[in-house]
Structures are given as structure tokens and as C-alpha cells.
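Note that chain A is present in both complexes that follow, paired respectively with chain B and with chain C.
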Partner chain A sequence: MTQLLFILSHPPGSSIYAQEAFDAALAGSAFSNIAILFVGAGCLQLIEPKLAVEAHQRKDFQRGFRALPDYDVHDVYGCEDSFKQFGLHNQTLVIQPTLLTRVDISAHLNAAQRVLCF
Partner chain B sequence: MNFALNIQGSPHTSNSLWSALNFAQACLREGHRIHRVFFYHDAVLVANTLLAPPQDEMNLTTAWQTLGQDYNLDLCLCVASCLRRGILNDSEAQRFEKTTSNLAAGFNISGLGQLIEASLVSDRVISFGA
Partner chain C sequence: MMLHTFNSSDAYRLHGHRPSAEDLILLIEDGVFATTQQDLTQDKRIRVLREDLAQRGLPEPTAITCITYSDWVRLTIESQHCLSWTR
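For the complex of A and B:
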């Protein structure tokens, strides 16, 4: 049973929001059973960072996605339509989420006890 | 109903704090409760006591302070968001050896656990995005 569903919609790089949203999800995982759903430009967070950290001076927080099982987070989803829109099917991803149709997403939104949007 | 608010937008480049203020006022007027108002991302900038907007413009800081005082609300800021953006209470200012603190009265700085707790115990959590 998902207690908290975190919806991540900010792209990486252009602001600190994506990184801070991931921090919130990790905090949630310490207290409850969470799921994460990447939607819209938020799906771009899943692309494996290609630039060296020295080149952009930002933390590659996305590499932390690989540690999610260690935080007991196993339900990681991505919006199938967004994946198509951003052409992510041929990209090298940090982790592969379970892709959901819009109908699936509605079902998950209804089933989660609470939804937190970022 | 018992609500938790999760506010994220900047007072200067987003409508988030204004929308949330209106929502909170309507909620409380109708007899609902607000367990906690959590300020995240750039929304913490509203708690900068040094903000000095022109007198004929909306002052979001005092509007939130007034609502908080009238209804005894928990106006809680994320400490990590605050430190990144230079919102410091006395103890953080001392800890980082800064010359001044700037946290406006009526707000308090705490951790993300407060957002999670509020989300779990409230009937609804409403996010006002960045």
C-alpha cells in the first residue's frame, strides 16, 4: 500500500527543484511506504548524466536513484506518454522505471493515500 | 477536514504563495483546520524579514504572519531550503558565523520530516508548485 506518492515533474539542471524534490522523497521513505512517479520534463532526470561534474558544478543527484532499493523504495514509475514525447526510449537511463499509461497513472493516484507534487 | 499545505513557489516569480494564502483563508473561514503549512523550495524566501516591497504592493510576508497569528498556524520552513537561500534564524546564523539572522517572526525552521508527518496525519495534502 503506497502511503505517499511523490510526483516529480521538474527537469534537472535548470533549477535546484529536481534535486530538492528527490531529497523530499528520500525523507518520505524514512517514515512511510512511498512510490515515485516521473512525469513530463521530470522524466529527463532519468537520463544518465553525461557531463563531468567539473563542467557544470552541480551535484549529480540522479546517480542516487540507483540507491532507491537501499531505501526500500521499489515502486518507481514513469509516464509512458512523457517518455515518447521526450524520446527517452533510446536513451541510457540511470534506472528504468515501470512505464505507466494515463489510465494506470489515474489508478495509482487513486490508490495512494496521499500525493505530493513537486 | 484537516489540511497540510506544501508551498514551493518564490514570492517574486510565482503565484504559489498567493494562491496558497487564499486557499488557507478560505479553508479556515469554512471551519476546516490546517495541521501545518510547509514552505519548501523558493517559498522559504517569503520568511525573509529584510524584504521591503513598495507600500502599494502586496506584502506576502505580513499576510502570512497575520494569518498565522490569527489562527495559531504552524508556519514551518525546510532548513535545507533555507540555508541554500540565506534564510537564517539566530542559531543557524551563529552556527555559520554570519553577521545577522533574517527569519521573520511567526515562522519556524525545521526539517523535511515535518512535511512527511503533516502529509501522513492530515486528511489532504495540497501542493502549490514552483
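For the complex of A and C:
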């Protein structure tokens, strides 16, 4: 059962939200069963960064998504509507989350013990 | 029941469709401006934080329930989850 569900709703780059959320999720994974849900502009975090770190002057945390299975994080979800809205079906993504409909998302929220919104 | 808070009208525009029929929606901070930008009176799930309306010089909308900080605390306790949508 999902003890902590992390909702990631901010795009990368414009604020520290995205990076902090990922750090929090990794910390959470150390002591509980977590799931991650990308919604809205948060889905944009999944686009493979195409520039070198020197070009955008921030930590390249998105590549870390590939390490999630090593942290025993296997439940990574994305909002299907948001994927359509942001045209992500044709993009090269760092990882491919399991896409959920609005109804599925509600069910996951209801089933989670705690939900953390970033 | 879940409590969804929106702290800006942008956040409400982006994620306002996410709360389900039995959830509650609370507009706080600049989220209270959503009441001036669109007609929210038909949506009975909406609550607005009275103090944040007052700070922005906005009148309390007649057909929308305005709540106090104490009410917010009570809703938080009653809700299964509190989801904070920010922008």
C-alpha cells in the first residue's frame, strides 16, 4: 500500500519546487512505501534535458528519475490529460510513467495514507 | 473528502478540474482573485478565506461561502487529505 504519495505539479527550472520534491521523495522512500504522480506542468520534468549542466546552471536532478527503481520506487504515475495537454507523447522522456485517467488519479489519492503536494 | 487549496488564480485555472464532486475547494492568498475572474457561484464546493479577501480589498461574494482561519483548521481535521495546489 502507498504510504506516501508525492504529487509533482511544478515545471523544472522556474522554481526550486521540482528539485525539492524529488529530494523529498527520495528521503521518503528510505522509510516508507511511496508513489510519485506527475500532474499538470509537473509532467514537463520528464522531458529529457538536452543541454549540458553548465548551460542551465542548476542541478540536473531529472536524470535521477532513472534511479528510482534502485530506491525501490516502482509506482511512478503521470496524468494522461496533462500528457496530452503538453504534447508529451512525442517527446523523449527520462522515464515513462504509468499514465492514469482522472478517475484513476482520484482512486490513488483515496487509497494513499498521506498525500504530499509539491 | 479532500480539501484542495489554491493559492493563486493560475493554480486554480490549471488544477481546478482535479477536485472530485465530494471534495472541497478553498481559495486562499491570490487564489481569492479567481472569484473576480469567473463566476464560481454555481460550484457549491468552493470556500474562500475571508481574511485574504479583506487584505486584497475584495468584498465577500454573496453566493460563495466565506470562511475564517478557524473554519480552515476544522476543515483540515475533517478532510482525509489536504492538497495544496500552488503556482
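Remarks
FYI, the second predicted complex is superposed on the first by the 118 of 118 C-alpha atoms of A that agree within 3 Å, B and C clash if a C-alpha of one lies under 4 Å from a C-alpha of the other, contacts with A are read in each partner's own complex, and residues count from 1 in each chain.
In this text, a residue touches a chain if its C-beta (ideal position, glycine included) is under 8 Å from a C-beta of that chain, and two chains touch if they have at least 3 such contacts.
The shown structure was predicted, so the numbers you read here are calculated from the model rather than taken from an experiment.
Among chain B and chain C, the chain that touches a larger number of residues in chain A is B. Once chain A of one complex is fitted onto chain A of the other, the partner contacts of A:A112 are limited to chain C, with no touch recorded for chain B.
Judged by the touch definition given at the top, the superposed model places A:A24 against chain B, while chain C stays out of reach. Of the two partner chains placed around the shared chain by superposition, neither chain B nor chain C is touched by A:V53.
Within the superposed three-chain model, A:V39 lies in touch with chain C and out of touch with chain B [touch as defined at top].
Of the two partner chains placed around the shared chain by superposition, neither chain B nor chain C is touched by A:A67. Chain A residues in contact with chain B (one complex) as well as with chain C (other complex) are 9-10, 17, 114-115, 117. Residue ranges of chain A in contact with chain C, taken from their complex: 7, 9-10, 17, 39-41, 102, 105-106, 109-110, 112, 114-115, 117. Those residues of chain C lying in contact with chain A across their complex are 2, 14-15, 17-18, 20, 80-86.
The touching residues of chain A, counted against chain B in their complex, run 3-4, 9-10, 15-17, 20, 23-24, 27-28, 30-32, 113-118. For chain B in complex with chain A, the residues that touch the partner chain are 6, 8, 40-41, 80-81, 84, 111-113, 115-117, 119-120, 122, 124-125, 127, 129-130.
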